[in-house]
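Dropping the structures in below, format is structure tokens.
Next come two complexes, and both contain chain A; in the first it sits with chain B, in the second with chain C.
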Partner chain A sequence: MSENDKNTEIHTAQTNTEEQANAPKESTDQQAAQQTIAEAGAMPASATTAQEAEAAGRVADPQPTAPPVSSTQADGGARTVEDTPRSERDRTPAEKADAVKVQSDAEAAKAAGVEMTKVTVDGVEVEVPKGTLVIEACFRAGADVPYFCYHPRLTSIGACRMCLVSVELEMFGARRESIFTCCTVPVAEGMAIKTRTPEVKKAQNGMLEFLLANHPLDCPICDRGGECPLQNMTVAYGPPTSRFIEEKRHFPKAYPISDYVVLDRERCIQCMRCTRFCEEISGDGQLALLNRGSSTEIGTFFGHDFTSNFSGNTIEICPVGALLSRTYRFAARPWEISSSDSICSKCGNGCNVALQTRLGELVRVNGRTNEDVNEEWTCDRGKFGNYYVNDESRLKHPLMRRADGALHPASWDEALAAVAERITRTKAEFGADAIAGIGSTRCTVEDNYLFGKMLRALVGTNNLDHRMLPHGFEPMQTTIAEIEHFKTIVSVGMKLDWDQPIVYLRVFKAYSKKGANWIKADVVDNTVTEALRAGGADAVLLLPHHLPQDQIDRAKKLCASTGAKLNVLLPDCNSWGAARAGILPDRLPGLTAFREGRAHLDSFWKTPLPTASGLDSDGIFDAVSAGRVQMLYIMGSDPATRFHDTEKARRALEAAPFVVVQELFLTETAKRADIVLPAASFAEKDGTFFNIEGREQKIKQAMPVKGDARPDWRIVADLMGRLGTPVPYFSARDIYREYNRSIPKAEAVAAR
Partner chain B sequence: MPRFTSETKARIDEIAGRYPDRRSALLPALWVAQEVYDGWLPEEAMQEVADHLGMSRAEVEGVASYYTMYNKEPVGRHHIEICQNISCMILGSDDLIHHCEHRLGVGSGETTDDGMFTLSRVECLGACSNAPAVQIGATYHENVTKERLDTIIEQLKSAPSEVAHPAQAKMPEQGQF
Partner chain C sequence: MHEQHQILYKHRFVEGIKGIDVYRNHGGYEAFRKALTMTPEAIIDEVKLSGLRGRGGAGFPTHIKWASVPKNTDQEHYLIINADEGEPGTAKDRDLMNNLPHLLVEGCLIGMLAIRARKCYIYIRGEYAEPWQNVQRAINEAYRAGFIGKNVLGSGMDFDVYTHLGAGSYECGEESALISSLMGERGMPRLKAPSAPLYTVSGAWQKPTPVNNVETIATVVPIINMGGAEYAKIGYGSPRSRGTKLTSISGHVKKPGVYEITLGTPMREVIYDIAGGIRDGHTLKTYIPGGSSTGFMMPEPLDYPMDYEGVVTAGAMLGLGSGGLIVMDETTPIVPVTKRLVDFYHHESCGKCTPCREGLNWLAKIYDRILAGGGRPQDLDLIWDICDNVRGKSFCGLGEGAIVPVMTSIKYFRDEYMSYIKSGRDLVMV
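Up next, the complex of A and B:
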């Protein structure tokens, strides 16, 4: 197409839309257009003003009466001002979450007695806490303001210039009105904010044209397409065409900046959300805006790897497709995804996540908002580490050790019959205590509860444990959210951002935003003692559960004497749940001691329970090697690699006459088993996890179970049926209800 | 190999002491680093500045890459910066630049093979009243002609290197060249 054709076409389009619809408003439109250009000119990234004008001049040429620059025609494809706000449906989940966050913050501030300011937004009067940003007042009034760089959890810097609204205010004795970026202006009493005037619409429209000047518009091949704020805003607020006909800037596409993240600088609109996240939230400062003007780009220091444990969050908050996940790249379109609210399985922090699947495969893990736990963030371990559920090497059929000594596929019927037969035979020959069970810190409460019930009520043994370390339990003395309020925070013996990522984010928040003193130590030594003494009751000590017991004891004594709070942080997604479900040799569900819980359980489970404490995991492995335990039933645990004394565990597994393992993978433990039963992963079942604080959180099935695998509770329930008890369980919910009722009343209340 | 000596660090600390926040000293600290690292800022220089000021190194690169007066490429012993802005341009800086390019055998932004000279076109040096202006190291030369530039270049061949530093910019003494 020749230059002339192009011009004519653009011109015709304008005549249709622009002149007819907007003719009477020409002068205001012109002002707004100039204002837009002035506004945008202040933005470092837009070097397009000259090109704009040039392009505009060319377009205007065919019409001799029109002034060369900045005429209505020169305004490209400014669309007719539509007075219909975007519907809820047109907003991305992230936008909705932002609005919810703003609302809840405002409510909280009001409840806390913060002074309120009255403003009107499009004629609607709203009350907002003093110091609120105008954009937040707009959200509170239900108005729709387009934005890219604003984020309720980040400092507002007005980088994208998109959220232009008209603000009218009594100032220096006169009522003045001007167009502002509303994410950088705090409210003042009596402000009249207008979000839908023709001037505002025109300004926003112009701004979007600038933002798109260098944007490649490769939406059809962009992962963000379909859930992209830029795409959405362009549909709602943008010009239908661009006057920018020059070559756009080019960078390598999909440039990997770490194992998880690819960067597409062509798509970047320099909103600086990612750099602010790295600076303010994760504190690693790995990303920065490099160079200047039209060469501005996002990058890491001299191209080094983006080695943050929180890099995945930058993908989620990127309002365009500039930062993308390497695991999700081209895996799905957002509209093909089904999303289930669940809990991350990678550590004990219990991040609320959305498991997103397509055709039964996990394609993406996104953070969900829970102000008490992860706010809205996730760590990379959670975001990129949960793909194991898709792994082809997952166990899909039961395996049995046959005459040739190797594991061979078997049917469920065959495998379960063999296990049931072996349990009955072992019990008859050697007594119930010749059977021992190892529960799991990664299975749900339901799985563990039923496992415990089977071994205690049906088999009749207390040889039951789930611990891989010979340690006791210390409930956390604060919640995760409370950590950010302490003035002194001492973390010992861990790389907090990798081991307890969400706790780390709270600690960093306290340290960077609230001026807390953060002391890191390798062991509980004099530095720790001094810091805690100085901190007094306003100090909190964070310890990993794997620290030697004498260190934990020392820390306990220390905290008791200084008044500091002690948080011993457990490692796994359901470490607390396994204990709570009673997978301990001397504790019943709800961590009830025998003497308090037995009477209740005897009648509730309708069978007398063994009276003496059983063996703990160390004791179990010793007893196996000594021949006292004849059968080992392991659910979702891998002592061959995770037990504190792996040699001992391996020896016991070799020595045991019969080992049953329920697992996802053929682990070192499963390799030594006689029967391996394939289990469903956390993404394939419903259930409950207790996080490190003991917070009860539900997981939900997100995808169909791989192969022939079954949820752990289902396997145990099937086995219970074969051992002679009818199975009344149809869902994890049934079991959870029973679990709650199995705890003596007082405990049940405390557990909630 | 880190090049910051305790003396360099003390200099940066002294500058940082003038501000309530250490990171405010970033720009002057980068000047110090540029001096220590032979007139330019390699990766190590930025790393050292970041470490010493306790900032993220990416932010240091972001700032250093924003400003053109921090050299991101190695420069020769003498960095000849010829102003190409309007006053100098009207008074013949284009000719000066071309003359210099021919004489040194390099294009603008390049360094001679012997590592003696780097030639750059720069924006306004703020010496419009005596245009055309040329900055070499920390020294300003005004009312420059081709002949004077030749003399200067000849003399520079035996002169010690000098790194530009805004706080130390100086005028040549009368009749120095």
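Up next, the complex of A and C:
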């Protein structure tokens, strides 16, 4: 069999993902594999006929279209495997829609005055903005080009030589075919790009043979197996067998390079995605290439830990199983995972993530693309910090403090009846204001809205807060994405890469790629003033919410005078949501001032609301200690450890005659409660988070609820029924709809 | 025999020419004085007239390189001199730096004038301790004599020349890798046009930084002295290959050494007259015309002109190369020689691109196996195909050059490989 025939055979193979994943990799099985593939392919079309077809104006019978090889990583693996150019009618509806979109994109770009370049890819004409890389033009034209080192968010380096295409060029008076790496070259007017010439195929085949020569081929025990670009490319473009019979390069097998990341140097294909990520995106430069030539390996400086808050991203962009997650390692195979789109619960930036579970356990958190928020990155807090949802120590059933003074398991019915009874009794004996509620920056908008509604409309108190320290609410004056366009960026009093990771990535992008000035300060002092004065309207000031009010006021005045934008950044995944849901003593849903929103809510909730304004969290704890508040109802909050004055919070918790806590864990606060109600985590329920920008983002249930726990809104809804107002809520969506209507129109702040 | 012009080497054997005084007594730094009175454009015009092409391997016309440096920018320009000479068989820059260091320094000064640079970096390979000492000493002398430093010769211009020692990587001689290395980065080549701006526009530290070979820049001195048109008259071959070329001749010749050879001199004369011919009792088996990357060539044809075009017409896969002629007589076993070269390239590959990193590693292992008696008949096709998969696909010239000796050795000396494969023995070394 000639080399060309072999190529053709594997290239024409119509495989699906499953087959790919299961394609035998061991050389002993390769004969068999070859046969299977040949059978599956069942198409004798040789490269020459394909060529001829192309030359003859693509009249050849269309080949059945291969299903797209699914891409399980953000950058995508192989796309479609096919041989002849496809005509319009071969396209699937989705592809046609795509083509229409590409077309309309092109028109929109042209209308916007973007200079366009016309090229053809395998005979298909596309118009792309001037300066577009050839590889991107190929994708736009629906052609497939294999690649490893190319990544749209990293600078192209042309290292792996996988993306070779052929172009006819006028050279020394003659037209010559020449092949080059299309990830490095911008399009030129009239370029006729060919992605499937025999030379290109031979080159692709050759590159894969090279890459696999020293590759351990331990796919059966590799986490990446099944979603590995190297596997995918090999099936689609590689040789069926290797001619490499020498001893492979060996390194000691995988070893941890940090608490989160394991490195297996044998599998590395030196694509430098990880090193470029560390240099260009996270800016911590932690990973580097060591040694040279065929001894090149990835490592850290002097073998110290891979210390970065963004190390997890390198695992995701590594096109092989060289960088692995210690938490996910051997936990699941990609095809056993179910994946749900959700939002990270670890900070207010609101990264779009995919929660991936196996057998009802969270096994992995991957980034999802959202150009407005996290692009495609996540931080390590999010990637490795969400596993608490699996924790065995999670509360699985209600607990009640019994006669012996200890917490004992109870049924939901018993626990809820006790809470309802106590609410009614306390209200009757001491008045509604003897009851106070603490809402949560980590529960959803729905949870908080219903919590607020119960306390205001049913109980009749305004003693409602969620803040763990007193602070105001300044909506961000820019979006996260806009930050990267500022020329002067001043950040105060934060460890930005840890506290606001995604904001940090934008700031670093502005600083490293766009030449912005980045000034870091501990307090709003003269340095800040000067920087802002110099920056004028092209400056943005980033403040943490916990700065003393006088500093925030000073910053506000300053920004107003210099034209700088002010962004006060909140800490938790739903800090904005708790506020917007109205969990504040003087604010109603939509952050409406109490006086202004009351009339609307009186009629909307069909109950007159309390008139006296309520106590904030400090006031509530003081009032408990003074005996004025008799009952504390705490949802998803742990003031005993998180309150700015934990002593005060603990004293109050101990002094309060009755404390109800909805929680995931037996926290310090829950330990001091009289009734503890087990709640579902963010991975076990639907709902809405508002990130620091106030962007409305949905979380989706990814796994079954642990034990007997229930979503917080469900618990509150139950209780409301028991308090005499049965509620018609069956889903978080119902509540969200009601929440939206509860905001007086005039006051409604459009959710970003 | 064709007359051999001594342009660069005119004063090569003058006692004490290393020192600035003797150098000046022999007309040293006069070209620089002359250049100071010329505009940068005039200097580039002279170089254009001379037809000077890069002597570092690629043979790129020097005036085009210099003319592509942007003119009306207020940013600094730097001139970078490539003294990394790492190509096996090539040692001409060493000879020049050891014996005529002031010629290099003067060339740098004229080059800086031509491209409006005020700083020049000479990147010397790490192993060249002695050339470095000589060049550094010459720079120090030139500083003291006022040719470098502040307000040079009352021109109001400040010049600085720095040396930088490499850390022992052949790849760092590749101009873009050299730039990376000079900047303290990993010695890996960078993207070139059209993927990236020309390094003459945005090179080291994003400044315009043309890179020139030691010999190229030294040749500028006689060109300014004698005029470009005069220089262009020298040469016996192609109208596009003018002047002289320093060539280090090594191997089985009677008089190995570094010679200044007028371009276009027939290769036969170079080997048999200039280098004294093959050692007695032996015959020419093969030779490598210009450093190992240019590959093996057969004794016939030998009457072609040794210049950029002549070597190619005679069948070389890559052109004239860097000027390292290696001559081998019939006692040379080709397979071990090729293995030695493969090992060299394998060892020096930077590891950036797949074909060079993996292909050369594979080749090295195959050669090990063949030499150990484990060769198989299909290995030759395999080697050829590996080379073919590297060819035209590697990122830089290293991979491209590495396969040339391999392919040419298979092309010309198949029987020697077959001997290893069949009997495990060398055909030559019995």
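Basically, the second predicted complex is superposed on the first by the 632 of 752 C-alpha atoms of A that agree within 3 Å, B and C clash if a C-alpha of one lies under 4 Å from a C-alpha of the other, contacts with A are read in each partner's own complex, and residues count from 1 in each chain.
Please note the rule applied: a contact is a pair of C-beta atoms (placed from the backbone, for glycine too) under 8 Å apart; a residue touches a chain by one contact, two chains touch by 3 or more.
All values reported here derive from a predicted model rather than from experimental measurement.
Trainee: Once the shared chain is lined up, is A:238 touching chain B (first), chain C (second), both, or neither of them?
Mentor: neither
Trainee: Touch check for A:291: first (chain B), second (chain C), both, or neither?
Mentor: Once the two structures are laid over each other on A, A:291 reaches both partners.
Trainee: May I ask you to name which of chain B and chain C touches more residues of chain A?
Mentor: C
Trainee: Touch check for A:614: first (chain B), second (chain C), both, or neither?
Mentor: A:614: touches no partner chain.
Trainee: A:585 in the overlay: touching chain B, chain C, both, or neither? Say first, second, both or neither.
Mentor: After superposition on chain A, A:585 lies in contact with neither partner.
Trainee: Figure out whether A:348 sits in contact with chain B (first) or chain C (second), or with both, or with neither.
Mentor: neither
Trainee: What is the contact status of A:302 with respect to chain B (first) and chain C (second): first, second, both, or neither?
Mentor: first
Trainee: Between chain B (first) and chain C (second), which does A:279 come into contact with in this model arrangement: first, second, both, or neither?
Mentor: First partner only, chain B.
Trainee: Which residues of chain A are in contact with chain B in one complex and with chain C in the other?
Mentor: 288-289, 291-292.
Trainee: Show which residues of chain C lie in contact with chain A when the two form their complex.
Mentor: Those in contact with chain A are residues 169, 171, 186-187, 191, 194-195, 346-355, 357-362, 365-366, 369, 382, 385, 388-389, 392-395.
Trainee: Mind listing the chain A positions that touch chain C in their complex?
Mentor: The contact residues of chain A facing chain C are 3, 156-162, 164, 179, 184-186, 188, 202-203, 206-207, 209-211, 213-214, 243-244, 246-247, 249, 269-270, 272, 288-289, 291-296.
Trainee: Using the touch definition from the top, list the residues of chain A that touch chain B in their complex.
Mentor: Going through chain A, the ones touching chain B are 275, 278-279, 284-292, 299-302.
Trainee: Okay, in this complex, where on chain B does chain A touch?
Mentor: Residues of chain B touching chain A: 43, 46-47, 55-62, 65-66.
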